[in-house]
Amino acid sequence: MKLGSTLLTAHLWLVLAFLYVPIVVMAVLGFNASPLYALPFEFDPVWYRALTSNTKLIDAGIHSVGIAIVNTIIATTLGTMAALAFARYSFRGKTIMQLLLFPPIAIPWLVIGTAMLVFFFWIDIKRGLFAILLGHVALSLPYVIVVVGARLATFPHAVEEAAATLGATPWQTFRRVTAPLLAPGVIGGGLFAFAVSFDQFVISYFLAPAGVTTLPVEIYGAIRKGFTPEINAISTIIIVVSMGVLLLTARFYRFGGER
Amino acid sequence: MAVADQRNRGTILALTGPAYLWLTVTIFLPLSAMLYCSFLDKSPLVPQPASLTLKHYAAFIERPVYQQLMLWSLELGAVVTICCLIIGYPAALALAKVIKGRWREAMFLMVVLPFWSNALVRTFSWTMVLRPGGLADQAIHVVAPDAPALNLLYSYPAVVVGLVHSYLPYMILTCYISLQAIDDSVIEAARSLGARSGALFRRVVFPMSLPGVLAGSALIFVPAVGSFMEPRILGGAKGATLGMAVEEQFTVTANWPFGAALSFLMLGAVLLICLALYPAARKRMEGL
Amino acid sequence: MSTVTVTDAVKKYDAVAALDSVTMTFREGELFGLLGPSGSGKTTLLRAIAGFVSLDRGQVLIDGQNVGGVPVHARNIGMMFQNYALFPHMSVAENVAFGLEVRGRPREEVARRVNEALAMVRLGGLEQRKPKQLSGGQQQRVALARALVTRPKVLLLDEPLGALDKHLRQEMQVELRRIQRQVGITTIFVTHDQEEALTLSDRIAIFNFGRIIQEGAPMEVYERPVTKFAAGFLGEANFLQGRVTAIEPNGLARVALDLGGEALCRLIGGQAGQTVLLALRPEKIKLSTDSQAGTNAVRGKVLDVVFSGNSTTYRVRVGNQVITLFRQNLAQGTVAPGSEVVLSWSPDHLVQVTP
């Protein structure tokens, strides 16, 4: 058993290495002076400097962040409302409505993305940032509803009754008791929504017109033309932002069902 | 919980309406539209009126190249899923049953961290490892200096490695959740009944974690079959998949109805496979 | 201090009556225990007084005023919940201050009254702790301070000590009693623990199926239960069935017991030929090995003996029935199973109950 435990732990470390080594290699090569990734390694932030004058990438970056922020606001608001309805009321069709949250998560994004392309064309929503935002919110909503719902499921309803017996009006109860207790779940859901949007490639790829893109779409185009350390640099920035958002999320919303 | 009466119905509608209206416009209506589109004889981009036809589905049957693509995609999905299971399950086991306390929390976070970070960027990062003169090449030459230059990029294994890297955290996550739900006292009970480690795993731990294994497999198999970005970047022209064919119909050849038909054939095939495996899976999981 | 009156209260859930025409009065300053099995309506009554449950019929009056249309937050009540329902995101002091702050009391007054309340429950020094950092007993004290600091008209307690272990529970019973006396507030509490109800209450009411079975001082209800349910729910009881054979001149009735033998007891308006059910508490029965059977004394055979520290429980077969009795552990030693014994009791301890 002792040997088995050691082997399992060693395996886990290997898995972590597998997950992180390519990312680290990519990040390191972004600081290498050679445009051909030639070794020996020579530290030079030249590619980061190059980014500052790459207007296409900067525009795409602004679009990505902007869409992610608007997406977060919309998805968190609408998702929290739906989660509240699911938690507070039992009604006909609730189970079906909850099941309907799975298709956006489970169907390959390729299919969803192309389907949006077809439908938006028919109802005359032009390809562009608005269409991309529509798609991102749709993909974020199920996550927000699930995350906020999980928080609501463990919400101690007796504290609201306690507040009422102590003389708090319904509004005082909501503001001073309900809202502060729900905040971690809502913030967690919001961070999820940000991450979903900021990292989304497939949907954006099909809905972005030539010239107006998001960061991942711009990078995809660049990769297909050929690799440059500039791509490493911008990719590293994206990874750092995503992981930063995720670490924040972890602070507000515990994964894994512990505690 | 209150049962919906007239007064609550308005509240419920106001709370759920916006979210589900949004989902309807962006998910459910588009999927329906796409299904309709797959039966049109002309692309919606063509201004002439179109009529309904089955020719795109017939084309799939008549042209073996697409059947071949379908088979390759399903095989790729299966290979990736099995690799994820073989690599991910022991990692989840270590996380759930060996590592304790703050370390567990930290390592769990390390595993799920890449889960949400950009898939495209992570796929790109593998080109840095697999290209000629990349990390893998260098590492081989340290061990065997005379070996010929190694180019793993643009190969089938590269696509598998990239997809496994993308989806492995799913498997670890779902397996971990069901493994850590197994009460240690159940394991102790099995031991007290004389089960050795092998039997303990085969007869108690693995069967009890089956829901996680199956959930993880489904979550990986479905998108892996539909992948197009990873094969494009890591497989180049060689690793053609049905996903790439669908993408081409929409972005290059602009034959939307055929692309839509291929999409639904792919969804149908995946659904059929899941449905075929479902009864057996349910039987094994009775009581869990 | 206030009185609370409930008149003809009816509440139905899907045709099942949780409250079935309950009328009762809680007097000023008394500690009243509502006792009953789960689903008996006691909690529904408490929640109706608090305002969480609206009655289908009947009224709740606080100080003679009908509070039917008054929302919970305007009723000026204090309530302690089963798991305390402390606000997890607030410190001890903030929890206690909440009720004063939502009433818009000035800052200095809030601070002073919070300190007083925490001193009363002996929690001074823990003001800045969060509820999670407190033990169960401490959380209970915070909940009590929070409920009392607003000087409510009535204090409602829902299974106040249910979440504590036995030792702590006994300690808190004494504490609760002390504080309640000190404040002098009309207090109504719900419990399914008969011992707790007997220890704490000035008066109790036993509920079953949404109705009051019996109401009165604990000793009165314990010693003179009126129904079989009341006798069996509050403490333990043996039930002896018999037929009245004669009424003695001194008013005692002579009853031929179904298990064999004869009993003398006091009946309420009994007459010869009538069937009666008599309750007999296990601790009222005397067990001896050397006396004779006779009136209020029956012969039996010991089935088993369970030693439990301060007393010993005997189960004795008498005729076709098994009688349970407790015997104080004096120096006399135990009687072995299988022994022939005689069980006897005083006529005063046979209580007629309705089935």
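To keep things simple, chains are lettered A, B and C as they appear, and every chain counts its residues starting from 1.
Please note the rule applied: contacts are C-beta pairs under 8 Å (C-beta built on N, C-alpha and C of every residue); 3 or more make two chains touch, one makes a residue touch a chain.
Quick caveat, the model's predicted, so the values are computed rather than measured.
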item: Graph class of chain-chain contacts, one of line, ring, star, complete, other; value: line
item: Nearest-to-centre chain - CA centroid comparison; value: A
item: Remotest chain, chain C as reference, centres from CA atoms; value: B
item: Chain pair whose interface holds the most contacting C-beta pairs; value: A-B
item: Mean-CA-position distance for chain C and chain B (Å); value: 60
item: Whole-Å gap separating chain A and chain B, where each centre is the average of the chain's CA atoms; value: 17
item: Rounded Å distance, chain A centre to chain C centre (Cα mean); value: 56
item: Chain B, residues touching no fewer than two other chains; value: none
item: Complex interface listing, chain A residues touching chain B; value: 1, 4-5, 8-9, 11-12, 15-16, 18-23, 25-26, 29, 37-39, 78-79, 81-82, 84-86, 88-92, 97, 100, 103-104, 106-112, 114-122, 134-135, 137-138, 141, 145, 192, 195-196, 198-199, 201-202, 205-206, 216, 219-220, 223-224, 227, 231-232, 235, 238-239, 242-243, 245-247, 250, 255-258
item: Contact set on chain A toward chain C in their complex; value: 156, 158-159, 161-170, 172-173, 176-177, 180-181
item: Touching residues (chain side chain B, partner chain A) in the complex; value: 1-4, 8-9, 11-12, 14-16, 18-20, 22-23, 25-31, 33-34, 37, 44-45, 87-88, 90-91, 93-95, 97-99, 105, 107-114, 116-122, 124-129, 131, 133-135, 138, 165, 168-169, 172-173, 176-177, 180-181, 197, 218-219, 222-223, 225-229, 232-233, 243, 246-247, 250-251, 256, 259-260, 263, 266-267
item: Complex interface listing, chain C residues touching chain A; value: 50-52, 71-79, 81-83, 85-89, 98-99, 102-103, 146-147, 150, 156
